[in-house]
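Below you'll find a set of structures to go through.
Note that chain A is present in both complexes that follow, paired respectively with chain B and with chain C.
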Partner chain A sequence: MRFGPGQRVRVASRSHAGHCRTPVYLRGKTGTVACVHGSFTNPETRAYDSDGLPEQPLYGVVFVQHDVWPAYAGPSEDSLVVDVFEHWLEEA
Partner chain B sequence: MEHAVHDRGGMSPGEPIDRTEHELEDWELLTDALAGALARAGVMNVDQLRRGIESMPSDEYERAGYYERWLFSIETNLTEKGILVPGELDGRL
Partner chain C sequence: MGSDHEHPHVHDHPHEPIGHDGEPAAAARVRALEELLVEKGVVTRESVRQGVDWLVSRSPADGARLVARAWVDPRFKERLLADARAAADELGLDAGPSPKVVAVENTDELHNMVVCTLCSCYPRALLGPPPAWYKSLPYRSRAVSEPRAVLAEFGVELDPGVELRVLDSTADVRYLVVPQRPKGTDGLDEKALAALVTRDSMIGVAQPRATEPQLA
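== the complex of A and B ==
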């Protein structure tokens, strides 16, 4: 595992052709690792007749709503947790 | 960055989202069961199901309901694998 709880991480801002589970609205956004879920088969290859191996670490990452949506009008402590695979995360 | 048709977080829906609940029809329950059975039989997995939905032409995607998208994807995947012949299902309707 490259990251641990409490670590700041940024979602890569690259585009991806084909199936992937990292939503576009999070690309380039910075959050904090909340938990490590474990390692799972990679949906990006498993979607195309592969076995999805090797397994990839998956993290629950907390993003402050205002960091994701600059015009967010709700309470400043509002946040969301999104599951993101390690190969989409960079140290922030 | 380009949004795939399904990846619409943060995009305006254009009109208010209809959030009323409805009873599932028999064909919708059967579609769910079919996808589960195909997964358990090792024929296709959930990532392939999602990929098939995301590859729908955007006008068809927008027109289709939730389980209609599942059916589209199941037919796409089974045709890719040679389990269905193109047009086989339409020919039986």
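== the complex of A and C ==
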């Protein structure tokens, strides 16, 4: 595991052709690792007649809503938790 | 489809497209995909039927049993929040084929709400088939960008002092919300409590009430 709980991470801002489970609205956004879910097969290859191996670590990453949506209307405490695979995360 | 495809009959006669009366486009697409997958040996008609049968046999009553047990047994609640699949096993419930099921607790300080922005990931084994609105584009987009407005439309006016946490189930985790036990339910037993736990409250877009609201 490259990251651990409490660590600041940024979602890569690259684009991806084909099936992918990293939402576009999060690309380039910075959050904090909340938990490590374990390792799971890679949906980006599994979608194309592959076994999806090697497994990729999956993290629950918590984002402050105001960091994701500059015009967010709610309180500053509001948050968003998204599960992101390790190869989409960079140190922030 | 091109004109060079193999065809079991000769096209020497005009006719209307052979269709299924009134079939929505999405259903036609699914049917075409299913036919191809059967033809290629990826699935069988029997396995598809079994899958649908399993899905529609699931119900939010299972999730409600987990929540009610957590309300009456704090140690069970700890185990549920630590490992929802193991907790479901304890009650003889099937948490389903998803790799990981996570239960999150609503409190006076934190309200959780679940969405799948990419498709319709949902703890089907414990909640049954997802409602149509859960799969709709407006819910999937607005639940992350303006969740308080969405909650208000569901009738939940969240206090500004309560943190709203939206869980976007993008990958291998399915989320189940453990709502707050309503006030005025001290005298109720576990079974009566389970009857108060609605599907929507386990998605996080509603709060259970001590008695079902009466329609005017």
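Basically, the second predicted complex is superposed on the first by the 92 of 92 C-alpha atoms of A that agree within 3 Å, B and C clash if a C-alpha of one lies under 4 Å from a C-alpha of the other, contacts with A are read in each partner's own complex, and residues count from 1 in each chain.
We adopt the following convention: a contact is a pair of C-beta atoms (placed from the backbone, for glycine too) under 8 Å apart; a residue touches a chain by one contact, two chains touch by 3 or more.
If you're wondering where the values come from, they're calculated on a predicted model, not measured in any experiment.
**Student:** Of the two partner chains, chain B (first) and chain C (second), which one does A:Gly52 touch, if any: first, second, both, or neither?
**Tutor:** first
**Student:** Using the touch definition from the top, say if A:Ala73 reaches chain B (first), chain C (second), both or neither.
**Tutor:** In the superposed model, A:Ala73 contacts chain C only, not chain B.
**Student:** In the superposed arrangement, does A:Arg27 touch chain B (first), chain C (second), both or neither?
**Tutor:** A:Arg27 contacts chain B only, not chain C.
**Student:** Is A:Phe40 touching the first partner chain B, the second partner chain C, both, or neither of them?
**Tutor:** Second partner only, chain C.
**Student:** Does the superposition put A:Gly60 against chain B (first), chain C (second), both, or neither?
**Tutor:** It touches chain C, and chain B stays clear.
**Student:** Thinking of the overlay built on chain A, is A:Val81 touched by chain B (first), by chain C (second), by both, or by neither?
**Tutor:** second
**Student:** Residues of chain A touched by chain B versus by chain C: which partner has the larger set?
**Tutor:** So, of the two partners, C touches more residues of chain A.
**Student:** Please identify the positions on chain A that touch both chain B and chain C, taking each partner from its own complex.
**Tutor:** Residues common to the chain A contacts of chain C and of chain B are 23, 25, 43, 68-69, listed in rising order.
**Student:** Quick check: in the complex, which residue numbers of chain A touch chain C?
**Tutor:** 21-23, 25, 37-38, 40, 43, 58, 60, 62, 65, 68-69, 72-75, 77-85
**Student:** Which residues of chain A touch chain B once you look at their complex with the stated criterion?
**Tutor:** Residue list for chain A touching chain B: 13, 15, 18-19, 23-25, 27, 43, 46-49, 52, 68-69.
**Student:** Give the list of chain C residues in touch with chain A in this complex.
**Tutor:** 99-100, 117-118, 144-149, 160-161, 163-173
**Student:** Given the complex with chain A, which residues does chain B contribute to the contact?
**Tutor:** 1-4, 7, 9-10, 45, 47-48, 50-51, 54
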